[in-house]
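Letters are used for the chains, namely A, B, C, D, E and F, taken in the order the chains are written, and counting of residues starts over at 1 for each.
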Amino acid sequence: MSEVVKEFNDYRTKMNNKILADNNKVIKRIFNLDTNAFAAGALDVKTKELLGLVASLVLRCDDCVKYHLESCYNEGLSKEQVIETLSIGNLIGGTIVIPHLRKAYEYWDALEAQS
Amino acid sequence: MSEVVKEFNDYRTKMNNKILADNNKVIKRIFNLDTNAFAAGALDVKTKELLGLVASLVLRCDDCVKYHLESCYNEGLSKEQVIETLSIGNLIGGTIVIPHLRKAYEYWDALEAQS
Amino acid sequence: MSEVVKEFNDYRTKMNNKILADNNKVIKRIFNLDTNAFAAGALDVKTKELLGLVASLVLRCDDCVKYHLESCYNEGLSKEQVIETLSIGNLIGGTIVIPHLRKAYEYWDALEAQS
Amino acid sequence: MSEVVKEFNDYRTKMNNKILADNNKVIKRIFNLDTNAFAAGALDVKTKELLGLVASLVLRCDDCVKYHLESCYNEGLSKEQVIETLSIGNLIGGTIVIPHLRKAYEYWDALEAQS
Amino acid sequence: MSEVVKEFNDYRTKMNNKILADNNKVIKRIFNLDTNAFAAGALDVKTKELLGLVASLVLRCDDCVKYHLESCYNEGLSKEQVIETLSIGNLIGGTIVIPHLRKAYEYWDALEAQS
Amino acid sequence: MSEVVKEFNDYRTKMNNKILADNNKVIKRIFNLDTNAFAAGALDVKTKELLGLVASLVLRCDDCVKYHLESCYNEGLSKEQVIETLSIGNLIGGTIVIPHLRKAYEYWDALEAQS
């Protein structure tokens, strides 16, 4: 795995484990709902991951963008599909979104560099 | 057309016409980009409308939600697909999104009441 | 009950019922978590309602502010305690929060006018 | 004065008076700082009002936009200057800003209709 | 003091001094209001610090979260009380808040590691 | 050029080139609009850069603040004019803006250290 991708995932896992070990009921359930919300239903997993990606971009959360980019990559979505999603986020969210777009491109490159 | 839907669209059209008549180049191009961004490409129109919907919900813009709900409805997306999209927005955006969820449900009902 | 308060609650209840009747699992669980999160625990209910109030104000959600103002009122919090909470929200959130502060004051008056 | 403009200002004044009558020190000082911040200094009043306008638009606060539009109008800024300011806000803030742009145009018309 | 905590505070102090040395009246008064707003009044200091914490979390400001976590720690609030506050912020602000929750846990650990 | 300024610009240029090489029509046009929006018109370039700066600050985008600070510096705006703009952003956006104010001051110092 690329160094950047590994580092992001290691930190994420380590801190999630700490948070969940704390047993706060509300937080635990929110974490669990995440799995539910992105499971196949009336919409397939690919579409849902793109929904997560665009929502993360317009809310300008770099870590959330990375997380959904990685799921998109693992689900086999093409770069073109991902970029079109990001372009909608850029239009809706405005130029304020551009610094996050730069980081998204950088992380996608790191994901592709893994193979 | 339902009264609520008609009123929303009439105001939207009237004001858009005023804005575009003003010939500010930047604003006009942003308006034009909207058509481009939501046209079929690597992703189909249905998926793109759902992307617009979830982005509008997490950014808590009632009028944007209504606009994309209407496009979703006209594109033939099912209520189940729309609700799953809204549920992802609710989870990502939190309970602060709930008042906008209420209005989204209300507008969807108005769209269905048209037929 | 004051007309303003009744109208707000009636709409809220009607739409919540519609949303919950839809049986979307993710949305239903988020609604349920609300009860959990604001129940007495390491912090008492009064403190938690003030936390909900200040979070709603800085996120500039009028309906959320009204909802927590009403809970604060019913829990017996004094106007002074509520105003100090709103003042912290105003300082943290800036003058952009002031229009929501106006509506908060108006709704608090409606709550007091009930008795 | 146009009905729309009068109504906006009357509500604003009535509620501001209520808030200030309450004598919360933090809120009162924030209100006072507003006068200070927009007074002539290294930048003139016109420039400062445009700064207030663009900040209000990207933060999507309709009442704040109205307030600064009115100050811009009273300071003698031209419609072209105001629209260029709004166009920068639209580009930075994205299409999510458009519903607020519609209301801004509507209020500017109401301001011009006064004369 | 833990390295992480010291580094955060040193940077904060250094830059605050630079900003205040500049003598901009509006900025100086905003800084001063902070002390006022969090002083004991109708609400005690502990409650106010929790209000500052939850507002910082839902607005997703890592440095503001750290600052209020440190005040909470110094005021003797328990980890349970802090976590319940964060859980309310997580529910209101949604999963977009989770990356900031991770950093909050990490900083709390650094604060506890000081003793 | 100061190390900090050079690093920021190099990363910005490298990633912008990657993004634009991708030829996504919507993103490319948004990037192009940026040049248009900040060109002299009814308002001069200096005023427009200050508008970009205050919008970036209240939206709490550090990279956008840096970008506009640099343009302000290159356009010959004085530190006093820049600080007054930041003070308006601080008042409108609240204390949540302060961490970004610290970084703005730091970057301005780096810009001045270049000469």
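Going forward, contacts are C-beta pairs under 8 Å (C-beta built on N, C-alpha and C of every residue); 3 or more make two chains touch, one makes a residue touch a chain.
Keep in mind that what you see is a predicted model, and the values were worked out from it rather than measured.
**Student:** Using the touch definition from the top, what's the fewest steps needed to get from chain C to chain D?
**Tutor:** Shortest path length, in steps: 1.
**Student:** Common contacts of chain D and chain F?
**Tutor:** A, B, C, E
**Student:** When chain C touches chain F, do the two copies use mostly the same residue numbers, with over half shared, or different ones?
**Tutor:** same
**Student:** In terms of C-beta pairs in contact, which of B-E and A-C ranks higher?
**Tutor:** So, comparing the two chain pairs, more contacts are at B-E.
**Student:** Looking at C-alpha means, what's the farthest chain from chain C?
**Tutor:** Greatest centre separation from chain C goes to chain F.
**Student:** What is the distance in Å between the mean C-alpha positions of chain C and chain E?
**Tutor:** Measuring from centre to centre gives 23 Å for this pair.
**Student:** Taking the mean of the C-alpha atoms as each chain's centre, how many Å separate chain B from chain F?
**Tutor:** A distance of 31 Å separates the two centres.
**Student:** Which integer distance in Å separates the CA centroid of chain B from that of chain D?
**Tutor:** 27
**Student:** Could you tell me which residues belong to chain A and also touch two or more other chains?
**Tutor:** 26, 30, 33-34, 37, 55-56, 58-59, 64, 83-84, 87-88, 90-93, 95-96
**Student:** Treating touching as the only link between chains, describe the layout with one word: line, ring, star, complete or other.
**Tutor:** complete
**Student:** Taking the touch rule as given, give the residues of chain F at its contact with chain E in the complex, in rising order.
**Tutor:** Residues 60, 83-84, 86-88, 90-91, 95-96, 98-99, 101-102, 105-106, 109.
**Student:** Provide the residue numbers of chain C that touch chain E in the complex, in ascending order.
**Tutor:** So the residues of chain C touching chain E come out as 30, 33-34, 37-38, 41-43, 47-48, 50-52, 54-56, 58-59, 64, 78, 80-81, 83-85, 87-89, 91-93.
**Student:** List the residues on chain E that touch chain F in their complex, please.
**Tutor:** Contacts found on chain E: 11-12, 15-16, 18-19, 22, 24, 26-27, 30-31, 34, 55-56, 59, 61-64.
**Student:** Name, in rising order, each residue of chain F that touches chain B in their complex.
**Tutor:** 25-26, 29-30, 33, 36-37
**Student:** Name, in rising order, each residue of chain A that touches chain D in their complex.
**Tutor:** Going through chain A, the ones touching chain D are 58, 90-97.
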